[in-house]
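So that you can tell them apart, the chains are marked A, B and C in the order they are listed, and the count of residues begins at 1 in each.
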Amino acid sequence: MDNKILVTGIGVISAIGNSVPENLSSLRSAQSGIGPIRYLETVHKNDFMVGELQLSNDDLCEFMEIAAKDKIKHSRTSLMTLAAAREALMDCGLAKGEFEGRRVGFISATTVGGMDKSENHYHSRDLASGFVRTHSTGDSGERVAECLGIDSYHTTLSTACSSAANAIMHGARLINHGKLDMVLVGGVDPLSRFTLNGFNSLMILDREWCSPFDENRRGLNLGEGAGFVMLESAASAEKRGAQVYCRLAGYANANDAYHQTASSPDGDGAFRSMEKALIMSGLKPSEIDYINVHGTGTSNNDLSEGVALKRVFGNHLPPFSSTKSFTGHTLGASAGIEAVFSILAIKQGLIYPNLNFRKAIQELGISPAEKLISDRTVNNVLSNSFGFGGNNSTLIFSK
Amino acid sequence: MSIDLREKLKGELIEQLNLEDISPADIESSAALFGDGLGLDSIDALEIIVLLEKEYGIKISDPSAGKEAMASIDSLAAFIEKNRK
Amino acid sequence: MDIYILSSEAISCQDTFDKNELFVSEPELPSGRFQKSLSPDFKQYIDARLIRRMSGVLRMGVATAASCLRRAGLEKPDSIIVGTGLGCMDDTVKFLNLMFENMEQMLNPTPFIQSTHNTIAGQIALMMGCKGHNLTYSQKSLSFAAGLLDAMMVLRDGEAQNILVGGIDELHDAVNELMELSGCVNPKDTTFYSEGAAFFLLSTERGASSSRLLDIKIFHKVSDEAALKNELSSFLEGNNLSLEDIDLLVSGENGSSAYDGYYDLLKDELRESSVVRYKHLTGEHQSATAFGLFLAARMIESQRAEAFTLLRQGRNKDIGKVLLFNYSKNADFSFILLQKV
């Protein structure tokens, strides 16, 4: 097919590693990054387990080689975006700003933008911190595009936990419509008191390690990070002999239209997004080798998603797992991080374990993969990401 | 005192849950708060949990534990009287 | 594939909502630096069960979307796309304040839930029972333009036939204060800041629409005036048009002494065209471009450019081909092209 969308670079930073190799190593060795809060200053420091980066903001600045005078322009959000996006750019074989005439775009996604900084400086009106500018959802993407020498189209999406999937979708469309040759796409979100307290007020946080799809699941662990991929037109990739991981075979977004935060009992939004993505990919459900589920570990999501999975796959449910038991729920970053994991699953022939699982949800009777599976070919991976506002997105990657 | 508590609760719910165009007289003490009755949902349940802690010092750590207590104004008042600090 | 604007609606600080004719009498020009929008009777447009939780920005967005849909005579759209620069500021600030005042204890969940940017599009979908594609863009003053671009691509991909697309931003005291403190409000300028929502029903079916949405281009920087002229000519050439074909330029100039230069350049380049402006009436905010499009669509419909919007009467009295031009502080440019059907 001439209009294939290829993946030619990946980058990620999360609680289980500061790079793709580090994340992969943790996934292979079932090493979760969830633990007690280390850097976030909150009264709840000892109350919850989170998937926090193993880096402070100063560490991140050092990692990204940010000059002292430029620190004010950054938030934890933009630093993580830079880390993952830069890795993906280098991985695809291009250097900053050197694109040989190609139109390279940047599509980011986030739920809270630079809130990590704003929440610490807003009440004191500390303008010197730079929070007024870094707060905006669109600022981190703009900042990183500038750092990477990307001056073609950039934009930011914000649809809560499905954000990065929608960014990936938008990027693919831009290539399909001939507006870009290549596009860095993904998402980011920082750990913040705002989200920690927000989710706590919803009473859906687990004080221990989360157990997605388990009968006795207690809620989610919040996480943070960024995940970016380079999408490229087949023509551009071929012309420069780019390495190719896989292609983006299908994508879809649908709305549950049921409730502001809860998912519907029949999982209709999820069912629709999976079905539409499958139709676009031309694949039958039985051809999916692995599903990276949204699987937050909340009572509501896992049941609703499980119902939808059974509606789509019937008796032929492929192996599935939630990697949020490794990284925590990284909100706007989750679909980007999980896209990288899905792409690695194809490249490495891996199916990741769903940590902390003991017993299948009674109403569903389905069990995720409990151990790493590394002895089979993985050709097609489906990845789900669902956000508040009934926003349901599905991506399908294929070899 | 129990009747006063019920009336107080009705006023608090109306304010906390932004039940515009409803007065305490419109809420029957025995009527269902969730589902068909007043039509409250899961977010309202969480708001009531906050109200219980702030106003009455009663902490509910599991949302499903509060479900029975919140069935109606009557049950809520009974729950508060039993557990308030 | 042709894309039509079946209907449009807008809430602003002028009387623009639910009007078949705009600006029948000369509007009053706001005098302060910050101007809130006029509010319709929201209960006419929003379900009683949903409205009680909604902050101002949500009421504005949902009512405008609902009215736009009503005007199009459709039951529900296939898809909903929203652009918002600041999102739901009121609920965000509310939750931040609660966190601060209560030392992160006993916090109400409602403002947190309502603070996510996509609450607006989500609530619209909930009210309309719309299960299709539902996205929210938030890229400062390009938020609406990004949403519009997505809508056009989704329609051309055949994934929807009717899309409700809008831009919305709210004014907030805390944001105003921060703007003033950080020197964003220049006393020399005549710019005033406001809020508003504008929605459009885009369709691949013509119906009773008066205008066709032809194209949109977004670019972030120009090195100099020559570069901007290049962008303009290549955009028009890409649509088989020349400078002389543009009947009306809708300028997003906002009275900024430092930054209105490129608007002047475009007016020079398009010297045969009529020129209107709107931000002196409805103010500046991150979704103001949406209002510009609303005005353009209504002007095509009425074939009239009101005197108090008109900066220059061009060669052609007919309003056929219309170009919208907007940017923010010499960056984040957009061209939107539409044509009378």
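Following the convention adopted for this analysis, a contact is a pair of C-beta atoms (placed from the backbone, for glycine too) under 8 Å apart; a residue touches a chain by one contact, two chains touch by 3 or more.
Computed from a predicted model, the values in this text were never measured in an experiment.
In this structure, the chain pairs A-C and A-B differ in their number of contacting C-beta pairs, and the larger number is found at A-C. In this assembly, the chain whose C-alpha centre lies farthest from chain C is B. Inter-chain spacing, taken between the CA centroids of chain A and chain B, is 39 Å. Chain A and chain C have CA centres that are 30 Å apart. Of all residues in chain A, those that touch two or more other chains are 201-202, 259-261. With touch defined as above, residues shared between interfaces to two or more other chains in chain C number as follows: 107-109, 113. Those residues of chain B in touch with two or more other chains are numbered 43, 46, 50. Across the complex, chain C is touched by residues 17-21, 39, 43, 46-47, 50, 53-54 of chain B. Those residues of chain A whose C-beta lies close enough to touch chain B in the complex are 201-203, 259-262.
On the side of chain A, the complex with chain C involves touching residues 42-44, 111, 118-119, 122-123, 125, 127, 132, 136-139, 141-142, 151, 153-160, 166, 170, 173-174, 176-177, 193-194, 197-198, 200-202, 252-261, 268-269, 272, 387-391.
By the touch rule above, chain B contacts chain A in their complex via residues 41-43, 46, 49-50, 61-63. Partner chain B is touched in their complex by these residues of chain C: 48-49, 51-53, 106-110, 113.
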